[in-house]
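Before anything else, here is the set of structures, which you'll find just below.
Shared between the two complexes below is chain A, which has chain B as its partner in the first and chain C in the second.
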Partner chain A sequence: MSSEKELSLDNGAVIYSYSLRDRWRKWCNYFMLGCLFLLSLIAAIPFLFIVYYVLAKGISSVNWDFFTQLPKPPGEEGGGMSNALIGSLVVVGMASLVGIPWGMGMGVYLSEYRATRTAKALRFVVDLLISAPSIVIGIFIYGFIVVRYGFSSYAGSAALLLIMLPVVAKGTEEILKMVPNHIREAGLALGIPRWKVIVRIIIPSVLSMCVTVIMLAIARIAGETAPLLFTALGNQYHIRDLSEPIATLPVQIYEFSKSGFEQMEKQAWAGAMVLVLFVFFINFFTRMFLFFYKKDKIKPFQKGK
Partner chain B sequence: MSDVLVKIRNLSASFSSVTVLKNINLEIPSRKVVAFIGPSGCGKSTFLRCLNRMHEEVPGADIQGQIFLEGQNIYEKHIDPVLVRRKVGMVFQKPNPFPGLSIFDNVAVGLKLMGVKKRVLYERVEDSLKQAALWGEVKNILKRQGTSLSGGQQQRLCIARALAINPSVVLMDEPTSALDPISTARIENLIRRLKEKVTVIIVTHNMQQASRISDKTAFLLSGELVEYEKTSKIFTNPSEVRTESYITGRFG
Partner chain C sequence: MTKKPNPVFIFSFLSFLKRKQEKRDIHIQDRLFYFFLKGLSWSLIFLFFYMLFVIFQMSWPAFSHFGMKFFVNIEWNSWTKNFGALSLIYGTAVTSFLALLLAVPVSVGVALFLNELSPGWLARPLGFVVEMLAAVPSIVYGLWGLFVLAPVLRDYVQSFLSKYLSFLPIFQGNYYGVGMMCGGVILAIMIIPTISSICREVFRTIPEANREAVLGLGTTRWEMLKIAVLKGSSTGIIGAVIMGLGRALGETMAVTMVIGNATSIKASLFEPAQTMASILANQYAEADNELHLASLTAVGFSLFCLSLIINILALLLVWRMEKKFYPRRKNRKNNVFSIGKVKV
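For the complex of A and B:
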């Protein structure tokens, strides 16, 4: 056949054939790759546009005052969002302080005792929580805490904690599941108790991946708005007491953006820009950390020669 | 000097009520190399894992009988498996250094977690690496990842790790089956020297290896101990027909 190139050995065995069908398959492959590339590009455009838009709108109001001053009353120029910046740090910080160790502990339990009945029940709850819309979690905290004790930074942190816990737990579980069993056995066979094997050998071996999960979880709750609306509520001033309502960046952006005053809308854009940059830097530093950490430290589970 | 170090009495073991070791009785002398041979699936790994109480880590695994280590039944109720494993080290088929830990820490981690003081740590690590014939190759790169070494070096690192906590027995489950001939020869030499300090119980599917390095050889077949004799006797004049046919390659 003229359309087929063949390379055959002396004994007639064909070891290389390049038929029409092979060529067709190759072009198909290129075509699909091209489609995927194009789709990725299309998906990236709105994202780039959002970043550009937020930066363009916000940059003019992001200045020293924005970070150090309280908001000015409606209609007045200037002012800042220091109350919301500190508030977000407090609420996200409290949630993380509790949520990271607790979530990781749950992840360890889910992975290392995966066959137990408690682990199965816990996994069900975690999956349920992970897929719960964040506003539902806000309503839940409202019903359980706010109705009794009023709006407070505790209530806000509790809502963020409920969002963060399952994310950290699931992430940690999935990472630990990747550690092959023979590593655990090596630890146990050295006469190291099981919990110490997990804490001192297994987790350090996947530390960089755990850091990623934690950073992404923090970035996730830093931008949550809905559950904070009716838990932390908001506050025009700095908090003096954690049991008071507290300003947070996402809620304040939301409030200011619908205020109808041009100056407040500007502040909202500035807040949005700071929030976007914050999340961006968390991602960026995580990646940098992983890059330098990996280079020397982690070679996860390469196949032995 | 052939005092008994390990005495095994009526040992049976099962996975989810499927029996894989049937009533094994044997005695392992101190400071010797004892090889276990047999076709795959005959229960060699299971046997080794009974000796350091790793068998029970598998869900559904069960064990009967007694194993005396230095006169103490390690399966008595009040005995902590963690302490048994500190007396009975283990080296696995696939080199498995701890990922993310340096060469030094791979050897030191067992000691550290046992509470060995920092002052003596370095000495003990150096000592263990020397015993495992790895010191010369790694003394300048102790901070590097254990997993960055070659396969043969990784396996010697695992031997050093096992030796570091000063066990009286080291179990080796086909320690060279994943290695090239040169690395294998090195580890065989190493095992021959190790018996000055510890007893080595080695599982191997390589009969030349068993004959080269062991003092005594046990032949297991479908969970039963067929024959247990001086290595020279097993390989030249076995008493059992089944042993002979396995050794001469007629089955398995």
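For the complex of A and C:
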């Protein structure tokens, strides 16, 4: 494709000279590669800005009171978000209590019985549910639970459960698929029942990676707001009964941010900072872990393949 | 004299029995384990369809009351009980389109740079940062968009646009910061990680030999990227873009906080508007009458169907891409994963 001109001199030497078009191609190459570099910088900038502003605006309001006090009425200084923090803990905890075994079970099914018809249907549904708008899941829980039993923490955690299940299932599937097939075959060849091969050999070999997937799923549902708006609703006080409406951190941030009072906006930034730090902490450490884990354990596995 | 049974029949019956026995696990725990997992799986599939059914049932009053006019009616008024989704559809379409316009070049560029060009020491932190964009909760995006991005847009971008480009109808009128433009920019930031991560996956499916072959013809690196990577994966890129569109349509909180919440159709990007998702977040908990609730649910149902269609389309495109380079093996049916009840 290159259009080099070949000039033969009298003494037989050959000179390659680049034509104008070749020079154009060269500079075009440099320009486009530079553009790609700039584009990736542009993609990185918003993240840095978000982190900077959340830390800069939130740091002044995160103190001991923030974690221990109830929110003050509008206009008053001080106060905290302890009700929302506890509420988030309760709702996310209940969702993960059901979601982890259920999601992991489905992940095992998707990976270990991957060519069955059920697995194909489930994979399709999981893919659709992962990318379904979370607010629609809130509507479903509203029609399914809230209409009958009213706003409650159960409804909130049911909505989060439905968001969490496909994420956990997909993640577990991806990780179990990394286990090479000869491990399964070796186990089966020893006459071990299949469930024992799965539960005692395959899952333990990647258990720590499954834990990271679960942590990521928890980080994801901890920040969900939309489905909680009309399932868990919100509450000004500490919760006394699980069948009451419950305050959660994201919803409280949303409500404080549109209140118009400066003090509440400060609290909202503080809540956002806590949320972001929690999510980043989990993401960062799971990633570091996966990075080092891969180096040590999975690679020798695959070399033998 | 008794009738002799047909030997062919006996043979086929025996072979049926035999096959039945072969397919069966000898461990009862295996069967229990299998059915337990199958039960978990089917319950999610059932929940999914039940979800469709429940949402449709709740929105039925609105559909029966307004008919198909629901989708072409501009007005959304809970006093006169006249509800139409056109302004919401318009808001959703404009913000999503703006988001795609801004996000697609950036995210394809990021994917190309990270996969094909950048050295490992740069690719890892940069990839981490781009992926972390997906991990930021959308409420934080909303907060940031409302208090940081909107004033910046108002003071620097929108004032500039309305000064020099105000002959275009999309840059006319007053500007407040919050509005469709801010929503589009926030959405663009939010869908960059979605599109770029799928693009990276897609680029990875292209065999290394293709790149080497094209480079071997004497092309520059950019030409190699164009010929071997971009052309070969155009289907996958379109799939990724559609996936990003699906995310943009369904994004709720961030858009709700920055779009201004006004059900109207204006050409200017500076104007506040309302998307299908944001009106749900705004009004669902305080819907004042049955018809209002049903109409909101109808909007939710249409949003759900739209996102299902878009995601199915994207999945089909990405699958086609994978099949192109890795055709399905024929004996796939006979491996250990294909049978629920393994003979052990």
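In this section, the second predicted complex is superposed on the first by the 247 of 305 C-alpha atoms of A that agree within 3 Å, B and C clash if a C-alpha of one lies under 4 Å from a C-alpha of the other, contacts with A are read in each partner's own complex, and residues count from 1 in each chain.
Going forward, a residue touches a chain if its C-beta (ideal position, glycine included) is under 8 Å from a C-beta of that chain, and two chains touch if they have at least 3 such contacts.
Remember, it's a predicted structure, so these values are computed and weren't measured experimentally.
By the touch criterion defined above, A:S205 lies against chain B but remains apart from chain C after alignment on the C-alpha atoms of chain A. Once the two structures are overlaid, the count of chain A residues touched is higher for C than for its counterpart among chain B and chain C.
After overlaying the two complexes on the shared chain, residue contacts for A:L233 are found with chain C alone; chain B is out of touch. When the two structures are aligned on the shared chain, A:I50 is found in touch with chain C, with no touch to chain B.
When both complexes are overlaid on chain A, the residue A:A217 reaches neither chain B nor chain C. In the superposed pair of complexes, A:A158 makes contact with neither chain B nor chain C. Residues 115, 185, 188, 191, 193, 196 of chain A touch chain B in one complex and chain C in the other. Residues 52, 54, 57, 59, 82-86, 89-90, 92, 94-101, 109-110, 113-114, 145, 147-148, 150-151, 154, 158, 161-162, 165, 178 of chain B are the ones touching chain A in the complex. By the touch criterion given at the top, residues 25, 27, 29-30, 32-34, 36-38, 40-42, 44-45, 47-48, 50-51, 54-55, 57-58, 105-107, 109-110, 112-114, 117-118, 126, 128-130, 132-133, 135-144, 146-148, 189, 192, 196, 217-223, 225, 243, 246-247, 249-253, 257, 277, 280-281, 284-285, 297, 300, 303-304, 307-308, 311-312, 315, 332-333, 335-340, 342, 344 of chain C touch chain A in their complex. For chain A in complex with chain C, the residues that touch the partner chain are 1-2, 25-26, 28-29, 32-33, 35-37, 39-40, 42-44, 46-50, 53-54, 57, 102, 105-106, 108-110, 112-116, 118-119, 121-122, 124-129, 131-140, 142-144, 162, 165-166, 169, 181, 184-185, 188, 191, 193-196, 198, 219-220, 222-226, 229-230, 233, 250, 253-254, 257-258, 265, 268-269, 272, 275-276, 279-280, 283, 287. Across the interface of their complex, chain B is touched by residues 115, 179, 182-183, 185-193, 196, 200-201, 204-207, 296-302, 304-305 of chain A.
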